[in-house]
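Below you'll find the structures, each written out as structure tokens.
Here come two complexes built around chain A, the first alongside chain B, the second alongside chain C.
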Partner chain A sequence: MQRYRGALARLQAVGLQSARGMAAAAQPAPAEDLIEVTVDGQKVSVPKGSNVLQACDAAGKDIPRFCYHQRLSIAGNCRMCLVEVEKSPKPVASCAMPAGPGMVIKTDTPLVKKAREGVMEFLLINHPLDCPICDQGGECDLQDQSMVFGSDRGRFTEVKRAVADKNLGPLVKTVMTRCIHCTRCIRFAKEIAGTDDLGITGRGRDAEVGTYVEKLMTSELSGNVIDLCPVGALTSKPAAFTYRNWELKTTESVDTSDAMGANIRVDTRGMEVIRVVPRLNEDVNQEWISDKARFQYDALRYQRLNVPLVRGEKGLQQASWPEAFAAIARAASKVQGHEMRAVAGRLADAESMVLLKDLMNRLGCGDLRSEAGFADLDADTRSSYVFNSTIAGVDQADAILLVGCNPRLEAPVLNARIRAANLAGVPVAAVGEQYDLTYPVEHLGANGDALDKLAKNSDYMKRLKGAQRPMVIVGAGVLQRADRDAVLAKVAKLVEKGEVVREGWNGFNVLHDAASRVAALDLGFLPSARARASKAAPKLVYLLGADDYSEADVPPTAFVVYQGHHGDRGAARADVVLPATAYTEKYGTYVNFEGRPQSTKPAVASVGDARDDWKIVRALSEVLGAPLPYNSLDDARRRLADVAPHLARRDAVEAPLWLAGEQWKAAGDRKAAADAAPLASAIANFYQTDAISRASKVMAKCVRARQNPIPGLHAASVGN
Partner chain B sequence: MAGVLQKYMAQAMGKASFRDAWKAGGWKMLIDGNLAETLFEHGPGAELVGTDKHGNKYFEKKDAQWVRNRFVVFAGANNWSTQDASSVPPEWHAWLHYIGDYNPANTEFKPPIYAAEASCHPSVVGPLGPVSATKVHQPKGSWFDPDKLTWRKVQAWQPPQE
Partner chain C sequence: MSAQASARAVLGRGMRAAQAPEAGHRAAKNFFVEVCRCLPWVLKNYHLEELTSVEQLRRNVASMFRKYSDVSSPEVIDLLVYKGREELEMILMQHKQRHHLITQYIHNPAKDRVAKPATMSPFLEAFYKSN
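Now for the complex of A and B:
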């Protein structure tokens, strides 16, 4: 019952959902929109349109359920939530029965108990008795509820049915004999993920959940069906048979695989991360996470940097920390401050970036940049580079325009939210390359010219103007373009003409694709004016976890220091490698694309000789003769708050000022013609975007599976 | 019809002609349904993955339905009385039942030596007896297992050698 109670508590924390499936927690309804019902003699007021189950939840009564889920449509097919309603001849399925004013509901009568016991007996007829080897064992809704409503013996003397297991790809393991046909996974795939992969074939005893033909589940959110499945029919394939849930220690942390900062729970056993599951946060990820966030953890075992390495005659050789620092000090003594450069990677945390910035500035170096970033972006105005409407704001938007972004790959959970808005009737339009976003998108053109056309009194412009809360979402791919200023000037015109920013609503949004990006911009981890003007190649480059740097950023003759946790391109290029900790092993502040600072927490110990990033920079500062005055994480965070005060308000979004478009005017070459190339997302391969996901074997399997999504289909029969 | 079946049977048994296939024991399909099913249902288009020490042949039919695309033709397949399902070695059993995708024909397996078996052979001695170079199988997690002592949960990155 433990987990079941937890689920209920969570549900109550969520509050009652409004009619729109994915909508955020409903606002308190005005009194006239409330109806009063009686649950077990207790009067409760619930919003109109609630069902009986929600009324019971509001009264604090546990209603057992399998098929009902507050974010999915109502199926009413498990019949477990039966309650007695006065004047009703039979028990009613509470999830499918709308609550009416004055309804008298009873949840603990002998009739209800008997009805539920009957349902449970039917469910258990065909459910295998493999709890001892089932991965869901211990956190299974059926197991929990059968403890309350199950009989100690069955009256069914025939054989249990057997169902062939379905192959849904490398992430979701199926044991279909355990399936109780709640159809949560089907509704999730259809409604939230938007890939209509799953369905039911057959009737009655022959009913099977499956993909009709053997087919990969092609959603980036497919792992969520594992959480949704109330039994052990869908479980994690990479983690199969590796744990029992009561062995795990949980740590509440934040995901860094994309810029959304999804709230996760890292489950560990000893030194190992065993699984990653989402944590409820209505304002960020609701209760979903992407497959990359969920399944990339196996990479924390592979290709780890565990000792400092120094390049000698035979390539990179193991060294001690003092030796590695000495090598850096030797190299640094030969170069001037302005001949250095620091490049922050996608996974860099804010603490280490602010310390590295301080260190570099003390050494006289102002050349700070982000990998695959936008070194010359003017980041003086915060509202010009964050997701101003906030993620929850997507629920309120009534017109959405995507400019050169592919939210399905850049932030799959956000894409699900946009999809929910779209299902509720919000039109979504796009300028840029065409992507399959799982919902219909009105395509308004591919490149900058299309933006010009839009701004010129087009039909769409009128609609944008007429909308109450319009949203324009600019992808990170646009900011990485050489003609960024020209494109942004067009977007600015569009924003201005379409009145996207209004009183109480800022509809201009930038969707970043790297976890460290907003923090880097907030902290001013950007080249100084002098560094921007300088054309000289740096002689010492400090890569703070940067693996996707451009070749121009790291000249071949430069002395390269790499600080990071996975051996990848950066470590292979480096002259000195300093082993650091990954996001599951440290306290690190990450600012998501809406500007929400959140902290990861150490779930497991660091590997080998690795140290926290900020500690490495602090220790290095001592060696380089510019000691930083930050001796603890608190000191580093205080410094963080000095530089960017909003980073001290954790988990909250500080709404940035909109300077009435003034920030646009400061940008550089605005008159330049925009390139004709389509505005495109920078992410082509969702599963491998950073050092961690590239080291993951599971992610590599996903990439392979995507190349052949229908394994049973012979190449010859496809028609080429 | 008959011609098609003859051709099919020859193909299924990997023979040039129906006559050869018939002579090679194909006629036994008439009385051995298992053989007929194996050869007719699975046979054509299957790829020989490997042969174990008993001579059992293992086939994979890539475009068949998963769970039905791996099968074995036993060494004594031409005579029902010599077919022995228990002759499938553990590593091939694993492959056949999708426990692993490793092809035992080109993967090295260490056959476990159990302590009870080892005590019967003076050359193989368990951890409680005289020290022997041969490893005796220990249950997972046993401290007698040398692999347990050298086991690492994390693999370090190996820098590219110059």
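Now for the complex of A and C:
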């Protein structure tokens, strides 16, 4: 035992060392790269290249601003951040002025106050006085700053200008008269989203932000301009006129619309989710979320399952919980354990999966699958199925190779990060189907043969070897292919030859596209050896929120139990429907594609007679005569930590061990021939990927808008 | 006014001091007999024949007396007898309605208490109630 422990410690030490060389970026800059400036008589040191505004922030002085945003380029056009710098004849715009050594900055002199008051007076000349009907009212930068820095009267007696509103699609509502031309939205679309949709036309009094010709925003991140807009010019269209921000109760939660686990804030009023906005997390989503994460919440009102249903003479009929459980117990009594199957859906949380696994094992069933493929993936080595470099690691990569993935649809926020790396000079190459990823991608071939060619001493291979921190990102679409093992063997060869995994850096990454997938693999929610070997069709199938199951997984004669929150494909097929809670209504652990366990929190009460997922499984276990010993959420989470100890450390990534490629051996042994079909992403329609987004009217509008991004052009193209 | 006077007559210090210890028991027994004499009339007057019988009613009343069998303090016995008589008078004077009697005297609360069969765990019970 002692010997094993020693070996384990050595392995862990190796794993930690080679985990990630990420510390470098987090270290403070060395002393010679710092310059000292004086802000209001207080000396502060800031890194070279900082601007005056950052120096003031470092000194704890709050500088009012509209156009400056730390993640966007500097425009310097709102002039609100004026400060006084000694030896400068005029006040300077602090965001656009680089800080120099020994600079003496003053932020609270009468000159600065007068300058800000003057700027505010100019901004308010053409700003309408419609705060009482403006959705931004109460959280508006212009409103707040005019209270603090503005004058109590204006001298402008002429007529205010009016600007025609623009149609930017079903998500962003515009009231362009309110626009103060800070250009944050333009810079966001150009720099972060990478779709050059917006721009300024006209000059001076006639300047307008818009798309020039009527055209909808075509980014998956377009909703973020609502947060960026400092005034009420861009607001949420689905939530227009429905709330005041001071009425809302906020809950810090996690998004489940993709596998990234973006941190979100769910704002609610009473029983309703009113809006979803991002929460800052530098390691995951920075401060962006995708449009699906932001706008799919309207589906939480539609198509909900709110009572248990049992299939009778006239189809699915309402029942009570004991009746529904009794129906399941009757069906389960007729089948044996090995004739059952459980399928976990895209939105299943880790607690309910671990409990369902325990229940099924107690009933003698080992046939546990995730919907949409890779039931037979070997999940023994964690590093073979997670995003080992971490999301923050993208910032340090210096060569990125995408294999059969479309990050723009699978994880739009990650795509923005890859784009930022690309803008900073990191070359991105791709093997697989070609997609528009908003940045230039070197296309190296479409299918498995291209991977073989790459591995054979190609030009790209030399570049990959020469890179300090190369990244290979394998898409979930590859894992769902029938010839997965053959393709993965080729990728393994590439990774080995390209030295993608090296001391202090693991560049092998798998990009999953469903929120539940990594947790399912971590917990071993996979078929047992006996279930893999078995060819018999199951007679009872338990769908844990599975709506995208393959027809082969659910035989037509099987008795189907569906546990979930939306009436979709699974519920329509089911014989018994058990209503569960959605991600805004429960505590649920979701593990993102890096392997970071995060928890959702209940923002609103559950709908009707619905129950939390883990509770349903626990209650059913008792009725089926195999009671599980977990009576509280803590018990369930303790069990989670027993099965997968790294899930006990929340909000942090436990770096998995890289077994020097040994895990590939098993896959490599199977001499399956690779298919010639191009390596493609499994997601074709970004807006509708799961039961929630399919039920959303807003997402449906987005799909329609995307088919026809330039209104009026569609009729002409149909004629062709 | 008269009620206060009679209370003094029952609970007054002078009276109790004069009583022998077993006088309390006797008072209770006498009162029970008094109640029993009234029962046939109560049964008829409140139309309780369809629900119960005199014997049954007597048994129920006796069980209510026995509930206090461990009381020995004369002050408390006096008080209980006083309250019992108050109740009896209300019944005899028709200040009570039929259902007061049904709930208080016919259904024996001690017998009505049904022990729930423990077929499910507290978790499942709570699960069926709400989320």
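Annotations
Just so it is clear, the second predicted complex is superposed on the first by the 683 of 720 C-alpha atoms of A that agree within 3 Å, B and C clash if a C-alpha of one lies under 4 Å from a C-alpha of the other, contacts with A are read in each partner's own complex, and residues count from 1 in each chain.
The rule we apply is simple: a residue touches a chain if its C-beta (ideal position, glycine included) is under 8 Å from a C-beta of that chain, and two chains touch if they have at least 3 such contacts.
From a predicted model like this one, the values you see are computed outputs, not experimental measurements.
On the superposed chain A, the two partners chain B and chain C both fit, without a clash. With both structures placed on the common chain, the touch criterion links A:I710 to neither chain B nor chain C. One of chain B and chain C touches more residues of chain A, and that partner is B. Contacts of A:A648 after superposition on the shared chain: neither chain B nor chain C is touched. By the touch criterion defined above, A:A207 reaches neither chain B nor chain C. In the superposed model, A:A164 lies in contact with chain B only, and not with chain C. Legend: residue contacts after superposition of the two complexes on their common chain; A:I125 is shown touching neither chain B nor chain C. Residue contacts after overlaying the shared chain place A:V104 against neither chain B nor chain C. For the pair chain B and chain C, the model built by superposing on chain A gives 17 Å as the shortest CA-CA distance.
The residues of chain A shared by its contacts with chain B and with chain C come to none at all. Against chain A, the residues of chain C that register as touching in their complex are 120-124, 127-128, 131.
Those residues of chain B lying in contact with chain A across their complex are 63, 65-67, 153-162. The touching residues of chain A, counted against chain C in their complex, run 321-322, 581, 605-606, 610-612, 615, 618-619, 622-623, 627, 631.
Across the complex, chain B is touched by residues 164-165, 167, 214, 270-272, 300-307, 309, 314-316, 566-567, 571-572, 577, 607-608, 711-712, 714 of chain A.
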